[in-house]
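Some notes on the structure that comes next.
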């Protein structure tokens, strides 16, 4: 009887009743949405942040790890010793760590992971992180020694990246579809194009997770993201793609909105070798033509922190240099005519897909037009952007968010797509790389920020905000995004 | 006994009156002929009787059948009459049958619809109906496209008579058929009236048929009944002027002066065969070829008027196309004034013109008459006169064919069928060719107009000293307008000679059957 | 049923409105939409802004007016490509009817039809970058077989007509006959088909722009307005409704126009009562 | 072509012959299509390896990945490898997902195929009765209503309609989920429920088109002589429609249904995007942006194959419906 009744029900009512069931059953599980789906599940052989978003800390762990505030704290290595010359690191591993397949994690796994990442045929997207490693030596099952060619102040930081997680040689063959790590969750199922499911690892070496299971759903379309959240099909959305909708969620007591900071400096990247942008006056004129607040309001609906240099504002070493490039169209026009462009000029503005770039690009184009600079906008997909702009350096201006943490070092690479070549800056970074004294490092970092700011290498816009929308009853979600991760170890439902 | 009585029947379609105040009676077992030229409203009258008028029509008056007014009864009740008491046969057998149903199924539908018999008897009843209409050898599981036109018409008749209705309305049942088939179908219809006592309303434009088989005739013109009576009396008295006009057009010989033929050959067709490749081919095999024209030879001398008679599908159109150079011959040759003709020879093309059958399809509807008529000047190439002169010639030609010279600025849809055929003749004459091919040039015309056009052809060719090849399926037309003629069957010439001789004393059996089958006015009229 | 004249009237009315807006926008625009005024964003309907302002503070009415230009131009040129290539192809195939060339043209048609148009459009923009121009190409390519097919079919039946035979008797070449006799007689079919393809073009432009592959900023188009509005539907529904209705009315108008023209241009209905 | 040659044997031979001829063009079209697709995908700028490794990758890393993916092979041998793989049902390994493309496509088909069929079913269920009704009532108020509705239906962009559906039924009323696909393993009804809104959005314009075609095909058939013949036999106008007109009118309708099916399979990209359904369309869209060339090639090829196959089936179906085609050539 009941069965027949069910059949007779319209699909709609059925779906509604199911909705109620999920709410009641959802106490120990969570459905959390992300915008991008991982292409595969090996964090050590792709740049895709989406892989870390799902797996970092949940499934895979490294020797060190990022805390939610961005600090580097012990991970699989409970402690370490650094030799006096700063070249030798001895890591003490946590004992009783097992992989999800039951095998134990020991120092041979660490050696394997690090050697694999720096090997000749490695496909690690951040191979540079490991380039300073000269040797990895197993001292005992829970002790491993890493020898560097030269001291590296950011080595521990580097080891916290998702690209440096520890993997096991036995399971490496299938890592792309069946990742076996040491984290608080084990990988359970992946419906490509739709979702990834994780289950709690009851054998976890650390504090076990509250949730029994978690489902990551992938919703790339911003309006679909809004609908899914509003219809409560999902419990949370980490990195909500449509800032314009956050107001509505904030006003709705079913939801909470966490706006955290990220390591993403959104900049108007400038081709420092392409005339007339090779003229520092022109770059300065551009910098003064830009109204950051208008861009933050127009493109991000107010979410984002203005920056004046390539550094995250929440970092203690940050220097506020916004005054170097305050909004002053008159000054901008003056600088242009000084540079010999009183009639203005035309350049290209190539925009990758994210809405900060597309919308921001329109606003910047309009602001530049006001001082006489015409831009030809072309919208590119990421693949095209990488080919044309990043590798081909065939661009005048572009907008992109550099989300890698502590990446000011890229300005020291003259072949990098900015094509910024300053020996002064390069010297600072060289010094920084071998410096491990905290205070000296801080001074060097501040100096580096000032150099690029006064050279107007790029137009510095804002630090990308990381909005998370979640059901009001969820706690323990990361507010900030020091790295691309959705750490669920501490997440739970409150009643 | 009066079976059906029609009083003051008027029909209008979209507010436009089509038939006005028609009254007549139909008695049991009678063949009532409803005749008139196209547009006279005879088909609409039939549809009005069947209650099957097109959308947007209105009918008034009384149609009394078995004590009921058919104009008043409800649609469901009318459905019970159709097919059972009153049935109908249509003009186009090629389209009157559902192409995707077997003929047996279509015939049985009448029986099923009126619950005439038990399901297990159906097969027998269908067989019986088919036998009755002369389809003894045909399997009911056949589909319409597997039958010839005559056979299809028999199927339609079988559907109409299988319930032995009181009235059978036959709307031009033989017009689309070959003459030999026509006579057989007419015989069949006559038989129903005589043997089965079915009253027939026969709609036809052919007065000879009317005279031959009907008991009573109604003559309509522009929706009005103009004359009626027994055919014998009507045709003998010819009291109404319109009747007289029609009658003389159908029977009168066109005055035809015999000329002395020169010996000089204008066109020489020698042993020409034309093969068609059938479309049914495999991936690797070419289709089998079908011989449409087989070893045909003919000559046209200067001033000669040659006829070519044959039924549909005999290959006469293919022959025409071959002579015109639109189709290449598989073997044999064609010479014009002693020179072999190649497809692109302009010296030949400027001396030959053609008039086609369909007055509606022969002209580009988007061009003005002036441009249409002067098109043949293209064959002259650089010899063509300047445009202003072409226009003058065109105007002159229009006058010659009896149209005003202002017509030059008009479009073709502003003309009637007869006028269009005049324009076609004007177009053919405009470059003064030596030879014209008339391909069924009068077949689509009403009888009164047909005689006018024939007269025009005769006059003009005489005046311009033209030769022509006149192709027709109609012996009476050929008789009136040619001195020599050829009879064609299945791609071959089966008989040739003087037209008079052939018609009077045919040597070939096929020619004889053609002559016998053609409806002629019965002798009683000449008495 | 809508009488021919009624649907024609409505069709012309609905089509003229966007056309007029587009034309007027060349001479006069209520506001300058190249200047973004962020503080003025998402203003609701008022006397100064009859449709309000968008997320960049631009006047929606002006956006609709200028957007009409792009939408119309894209659809128009795409139809033009279809006609300019498809019709000669179809006529050529009909002239060589039954030959290998005819067969080839038909197979080509089938092949193009077989490709998923949207996927190919995405591929084209992946190759050449998204732009209104590439959208035109992508939409235009799929118009070619449409026009080739209908002009071939119509031409084939015309080739059976006797007036073509007379032209052949007059020694005219297939090419000349196609231009002089065939083309004018299938003009009415082409016009009707063009209005239909035009309306499909507007929808296609909207679809491509919606996924970001159509017109690029700062050029506004109706499809791009919809795309920009997609995340703001709940915030300011009119951002999606206004361009949506503009598209619907224009497409509706074109379809009505097509229907009306079909009846008005049908030669069967001219000069005589239909049988 | 002679009218009385239709013995059963001859017909049979002809049908087989016809079948093989169609099969030949079928295979030829596929071969051509594969070349077109391969070239189109190959000339697209952008490198899958660089895409995957991002902006910090070193040149040697990219080269290593290219070698791993087989991208360093010459184009011709890659084409041949692709084709021969396809012939054996092996579509290769996705560059980015690193899983078997055959499996991936198979998974996506479980969403796209039911969605296409669902939408097609909806559109047919709406369109045929309304089309038939309008044709039967031509010139009357009912016809006017249907025509007006179809005009509007055609004019509405389906993604726009989809957004409105989501706004009303998912966000306001919460009857359906706003998107996503719950999977068939959670029950067939669940699966159907999650495909309902997308199917409606897809079906609406299709139904409007189909309804118009049904109407005009039926009106045209109703003008045929054999309809008059049937009426003369005593069939009522509805009986005539059922018994005679419908089957003949269904021939053009069948073509359109065939075309619509292939359109729905491939053309749902935007709808799949709006409802974030893991379907074929979104797979190919995503694969293009990620330069997952092998997936793009294989899916597009599969879609083309589907269209050509549907055409092939429709052609063969014609022959079964229409006895004339068993003999005459087309």
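Some notes on this structure:
Going by the order they are written in, the chains are A, B, C and D; count residues from 1 in each one.
Throughout what follows, a residue touches a chain if its C-beta (ideal position, glycine included) is under 8 Å from a C-beta of that chain, and two chains touch if they have at least 3 such contacts.
Not measured: the values here are computed from a predicted model.
With chains reduced to the mean position of their C-alpha atoms, the one farthest from subunit B is A. Chain centres here are Cα averages; for subunit A and subunit B they lie 85 Å apart. The mean-CA centres of subunit A and subunit C are about 43 angstrom from one another, to the nearest whole unit.
With centres defined as mean CA coordinates, subunit D is found 48 Å away from subunit B. Distance between subunit A and subunit D, defined via averaged C-alpha coordinates, is recorded as 40 Å. Shared interface positions of subunit B, defined as residues touching 2 or more other chains, are absent.
Listed for subunit C are residues 126, 230, 233-234, each touching two or more other chains. The set of subunit A residues touching two or more other chains comprises 221, 223, 230, 353, 381, 383-384. Pairwise, the chains that make contact are A-C, A-D, B-C, B-D, C-D. Of all the residues in subunit C, the ones that touch subunit B in their complex are 161-163, 165-172, 180-181, 184-185, 187, 267, 270-273. Residues of subunit A touching subunit D in their complex: 6-7, 11-16, 18-19, 37, 39-40, 45-48, 120-128, 176-177, 191-194, 217-221, 223-224, 227-228, 230-233, 353, 381-384, 386-388, 390-391, 404.
Contact residues on subunit D toward subunit A in their complex (touch as defined above): 45-48, 50-58, 60-61, 64-65, 68, 96-99, 104, 107-108, 163, 166-167, 169-171, 174-181, 183, 189-190, 192-194, 196, 273-276, 278-279, 282-283, 286, 288-292. Residues 1-2, 107, 110-111, 113-120, 122-124, 126-127, 199, 203, 206-207, 210-211, 226, 230, 233-234, 237, 240, 244, 247-249, 251-252, 255-256, 259 of subunit C are the ones touching subunit D in the complex.
Residue ranges of subunit B in contact with subunit D, taken from their complex: 50, 52, 55-56, 75-76, 79-84, 87-88, 90, 92, 95-102, 109-110, 113-114, 142-143, 145-148, 156, 159-160, 278-283, 290.
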